[in-house]
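Report on the structure given below.
Letters are used for the chains, namely A, B, C, D and E, taken in the order the chains are written, and counting of residues starts over at 1 for each.
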Amino acid sequence: MINYNPKDWFVFIFRFTKSDTFLRLLPLLIGVGVYAGLVAYVELNYLAFSQNEHIRNVGLMHSVLGFVLSMLLVFRTNTAYDRWWEGRKIWGSLTNCSRNLALKLQACVPNPEDRLFFRQMISSYAFALKSHLRGNEDYQELDPVLDLSRKAHVPNQIAAAIFGRVNHLHQMGSLSAGQLLVLNDEIKVLTEVTGASERIKNTPIPFTYSVFIKKFIFFYVMTLPFGWSFSMGFYVIPVVMLILYAMASLELIAEEIENPFGTDDNDLPIDQICHNIQKHVGELLP
Amino acid sequence: MINYNPKDWFVFIFRFTKSDTFLRLLPLLIGVGVYAGLVAYVELNYLAFSQNEHIRNVGLMHSVLGFVLSMLLVFRTNTAYDRWWEGRKIWGSLTNCSRNLALKLQACVPNPEDRLFFRQMISSYAFALKSHLRGNEDYQELDPVLDLSRKAHVPNQIAAAIFGRVNHLHQMGSLSAGQLLVLNDEIKVLTEVTGASERIKNTPIPFTYSVFIKKFIFFYVMTLPFGWSFSMGFYVIPVVMLILYAMASLELIAEEIENPFGTDDNDLPIDQICHNIQKHVGELLP
Amino acid sequence: MINYNPKDWFVFIFRFTKSDTFLRLLPLLIGVGVYAGLVAYVELNYLAFSQNEHIRNVGLMHSVLGFVLSMLLVFRTNTAYDRWWEGRKIWGSLTNCSRNLALKLQACVPNPEDRLFFRQMISSYAFALKSHLRGNEDYQELDPVLDLSRKAHVPNQIAAAIFGRVNHLHQMGSLSAGQLLVLNDEIKVLTEVTGASERIKNTPIPFTYSVFIKKFIFFYVMTLPFGWSFSMGFYVIPVVMLILYAMASLELIAEEIENPFGTDDNDLPIDQICHNIQKHVGELLP
Amino acid sequence: MINYNPKDWFVFIFRFTKSDTFLRLLPLLIGVGVYAGLVAYVELNYLAFSQNEHIRNVGLMHSVLGFVLSMLLVFRTNTAYDRWWEGRKIWGSLTNCSRNLALKLQACVPNPEDRLFFRQMISSYAFALKSHLRGNEDYQELDPVLDLSRKAHVPNQIAAAIFGRVNHLHQMGSLSAGQLLVLNDEIKVLTEVTGASERIKNTPIPFTYSVFIKKFIFFYVMTLPFGWSFSMGFYVIPVVMLILYAMASLELIAEEIENPFGTDDNDLPIDQICHNIQKHVGELLP
Amino acid sequence: MINYNPKDWFVFIFRFTKSDTFLRLLPLLIGVGVYAGLVAYVELNYLAFSQNEHIRNVGLMHSVLGFVLSMLLVFRTNTAYDRWWEGRKIWGSLTNCSRNLALKLQACVPNPEDRLFFRQMISSYAFALKSHLRGNEDYQELDPVLDLSRKAHVPNQIAAAIFGRVNHLHQMGSLSAGQLLVLNDEIKVLTEVTGASERIKNTPIPFTYSVFIKKFIFFYVMTLPFGWSFSMGFYVIPVVMLILYAMASLELIAEEIENPFGTDDNDLPIDQICHNIQKHVGELLP
């Protein structure tokens, strides 16, 4: 994620970063600009005296459809943002339950060996989940001391180890029934965080919507020059480019935001969240 | 569900899959195109000198109504997507509670016979729910070893068997009160998942909305050529077809997405979720 | 509720059921059609040469206000649908907690007399709530065997009887503290379902919104013919009728959906839900 | 709150109640009508032959801004309605937890003196919260028998008294640990209801939005006659009045709905809810 | 936060406070006004007879894009408001759990020394969180008596101290298992409030949306005078300024509202909430 000050308007308007949709769309914009110029050239020079009046009014269609398309793009923006923000909430829950677990274990578990075990395991859970979500199979940030199989589902193994140790302490009589329940409230959140992150990662927006929005933008922009080149002449070239820029940008940003656990510029700062969890668990459970 | 890379724009725009709304709407589009051509022919040749000016302005109605109709279609899109996404969340909860149940039983229940019982039952719950939702009465993926009646509600029987065994272990003294509560937290989610899935499956959008949206699209498209054929001539034919394509596609996709537990291309990958649950429960509760 | 296949487009478009808004609005539509015809007749014949140009542009107002009105109608549609869907969720919770209660009591309570008591009471709760919500004071579907006063709040009495029996068993030592907590989780949902259903039933959308939307539709449609009859001639008659049909239908459907516990065609299938609960509780708690 | 039948269209359209926005806006509407008339008079008589063409097109701005303004008003309507409906949900929770508390205490607490104490306290909580939210400092509906200080936060005192008594019974051994937990689930909702009601009451929509929407409506309506009086002549007077009526009504209704705990016509029926709670608690905990 | 009476329309419209977007945008508005005047001057004097007709129709683009832009701005407004309101809900939870914790400790903990400890700690938690969120490192409002390190995460230390003391009392036998669970329900909310506040503070809207909206407003306003100066002459100057005012204001307000824990005029009244918590905890836990 890029940290930025949202109030620097001038920087925003004139700087084009690598992830800026303007640069990524540039080849497409130039292509469509050339296409619009050709359409305008043919219409203005060869059709000028014939069906002039009729084809000019095709633009009526674009105002009706522009409306549907705009609302569809905002629907797309909304769903993508909701996933991104839900992803952030999920990792916020992971922070909360890691902290709560650490501060409760600190109070309930006096034995230094157990405390070391929990301290390592809780921090490792966040790192393991991060590597799991990114398909980073070597889990290099995990302490090799931990006895974990890289083949099975790693976060599940850690959650099982944490609950197993807590349950063992309960059966030994070191933890009362009340303390077991208090700790279980937090441990079950670990698995829920994993399930919810996997859900967001593995379920993009339904295939037909994704196809339909792209086809719709394409047909819309490709038919624009026919209706507008009589009205606008060659001004239709920048106009069609600007409209394509606006609409395709919305779709592009939505695609990038939709899966927020990667390493793109707009993805969530989950590396930083992992290190925060490690730091705070270390403070709370020394 | 189709797995796809949302960034392949060119593939999306030019490939027409079987479930693509374009192909499904093709006969209707051709029919409406012919109709629009006839209306334009009659208007342009026989009415050209009479009420020309007046009928041309009927198009004003279409801009007012186009607005209402667009917003209604986006409302429809939203509600359908919300059901689809809620369905995904529900099956995500099933994944979470199956995993949590497995890892907790692994810690609390040492007896191998009990563990086998729970391992089979938890995996079977997901498969039983899938068959139940799809009206697949023979439940062929269930282990025939399990003592379940195919006539009564199968998922309920499995949930009852799981809780019954846990409660029995509690009454025998193998599980403490704390452990009973910890396990109950997960078992009650099983029934909630079933109830929520049945709710989505059995409750489509209210009948009158469904009727009204379809009637509205129909009236809208059928009256379009009257107002626009004076302005556009025979260009009205592709224009009406494109507008019908856009609007009817939204309604068609919404219908398909609305009940997400089937086997259509856009439905949720619940087969895969079932197999994942089986695999992870096997890993956690060996 | 009407069960229907949402994919039968042709049936939807050409069949007019009793609850169809088209038939219910027909007298109003004819009245407004006559009114629009009169306005057009007067304008075209008596004002044709005077202020022609000025009154024609009054239509500008209708495009600005058409926008506000459309968004208001979609807001109305959204809130009505949200209540309907929330009502469905609430009754889904009732199904879930009835099933969970039955399967847990089956495991915890061995005594046949107690089991009969709970079986009758849980099923009766759903029927009692249905009659309560419909103001059906004789509660004819309740087993007359049950000792319930028809004057006090019947669902509350049943919930109190269920909790009372569970608590009695706990005090007698038949149910452990853990089992009491497990059962209480479900019993408290019974009262929450009742409270939430009463809330939806007794709280329509704020009075001023309801008044304002109706006044707004009325003024909008009544002023339409003034601005448009110069442009459209007598075509203004079907145009105004179609616009009124679209807008008033949205308000009419919203009114019907908003209170979903009645017996209208679009209301929730709560009769069927009650019978399902009775059937499944019977299966689970034999 | 006004109880009404939402299907009486004719009554709604032609009756103007005291709280109707039409009457409240009447002076403003007349003022703006006079202003629009003056602008039109000056433009039509003194500017008619000079910059006619140019000023006429200022109306283009109003269609672009009309769009932003409409969406902003619907945003305003949505947030105000959400607060109103959240307020209703909160008081629904109070109903639920009062009933649940009464029916559980009825089962767990046999001593008549304790039961009288809880019956009085639970009913008083709702009345005390109502008076607290309305700034009604004398709390006249509270039983003067209760030992409460009018200076400190009264609902907090009642919640503390209820929990204190329950905890005392637990420490005396009359209530088991399970029963304490069952009762605590409901008691903590009391404080949450108070906190949530105070939040809605004390936090209006951010100041700048409130200012901005009002300034925007004002500038929009004040500049309308300049662009439209060439097109519409003196018809601009009713047109501007109607547009102001529509937009200012939405803002006015939102202001009234936003804080739903007062005694205005559209506020929530919290008096009636208090009496219902008193009645039902009396029935459940005799 | 500014306390205001939302019904003072005249004050709102004519008073310009320091935080009013009108004053903050004034330099930009003047600059854009001058630019629009130059464009209009060049177009009207030098291009008047050449491509007049064509460039005039460039305005068509602005109606299509105006639509997308308006919806994007409302999306922005919605997300910013949702964060602001979620921030308010989070601090409402802090109020609720502080009160609940105080009233429960008052009942469960008789020892005056423990009560003093909890009274100081609960109030300090709110102040510590406030300073933490504002980056106010000296935590000057905390009682220096408390043994807290300013270097580690201060709210976490307080939560750990509260849970540690409660757990210690449980292990000593002063608190039963039931009481431990009752108190834990509230203590875990403390950490959740901190995590949720940090999430809102540290996660602005994705960088690309923020950039894209600003670029879009800029391009839109900069190209407006080209299309409209033929239609409007020099009236284009105030028109472009008004449109920029409306659109940039929405973005500016959203930026300010988005992070609601600062000390700006529109931020949440968290100072006041802290003092309320301190006062009510003092009343409840004397």
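Here is the rule we use: a residue touches a chain if its C-beta (ideal position, glycine included) is under 8 Å from a C-beta of that chain, and two chains touch if they have at least 3 such contacts.
The UniProt protein names, listed by chain, are A, B, C, D, E = Bestrophin.
Treat the numbers as computed from the prediction; the structure is a model and nothing was measured.
Chemist: Starting at chain C (Bestrophin), how many touching-chain steps does it take at least to reach chain E (Bestrophin)?
Modeler: The fewest touching-chain steps linking chain C (Bestrophin) to chain E (Bestrophin) number 2.
Chemist: Could you state the distance in Å from the CA-based centre of chain D (Bestrophin) to that of chain E (Bestrophin)?
Modeler: 22
Chemist: In whole angstrom, what separates the CA-based centres of chain B (Bestrophin) and chain D (Bestrophin)?
Modeler: 36
Chemist: Residues touching two or more other chains, restricted to chain C (Bestrophin): which are they?
Modeler: 63, 67, 71, 176-178, 181
Chemist: Chain contact graph: line, ring, star, complete or other?
Modeler: Per interface graph, the chains form a ring.
Chemist: If you start at chain B (Bestrophin) and step next to chain C (Bestrophin), which chains follow, in turn, all the way round the ring?
Modeler: B, C, D, E, A
Chemist: Across the complex, what residues on chain D (Bestrophin) touch chain C (Bestrophin)?
Modeler: Result: residues 1-2, 4, 6-7, 9, 12-13, 17, 19-22, 59, 62-63, 66-67, 70-71, 73-74, 77-78, 81, 84-85, 88-89, 92-93, 95-96, 99-100, 103-104, 106-108, 176-179, 181-182, 185-186, 228, 231-235, 239, 242-243, 246-247, 249-250, 253, 256-257, 265-266, 268-269, 280, 283-284 of chain D (Bestrophin) touch chain C (Bestrophin).
Chemist: For chain B (Bestrophin), which residues count as touching chain C (Bestrophin) in their complex?
Modeler: Listed in rising order, the residues of chain B (Bestrophin) that touch chain C (Bestrophin) are 51, 54-55, 57-58, 60-61, 63-65, 67-69, 71-72, 75, 79, 152-153, 156-157, 159-160, 163-164, 167-168, 170, 176-178, 180-181, 184, 188, 191-192, 194-196, 198-199, 202-212, 214-216, 218-219, 223, 255, 258.
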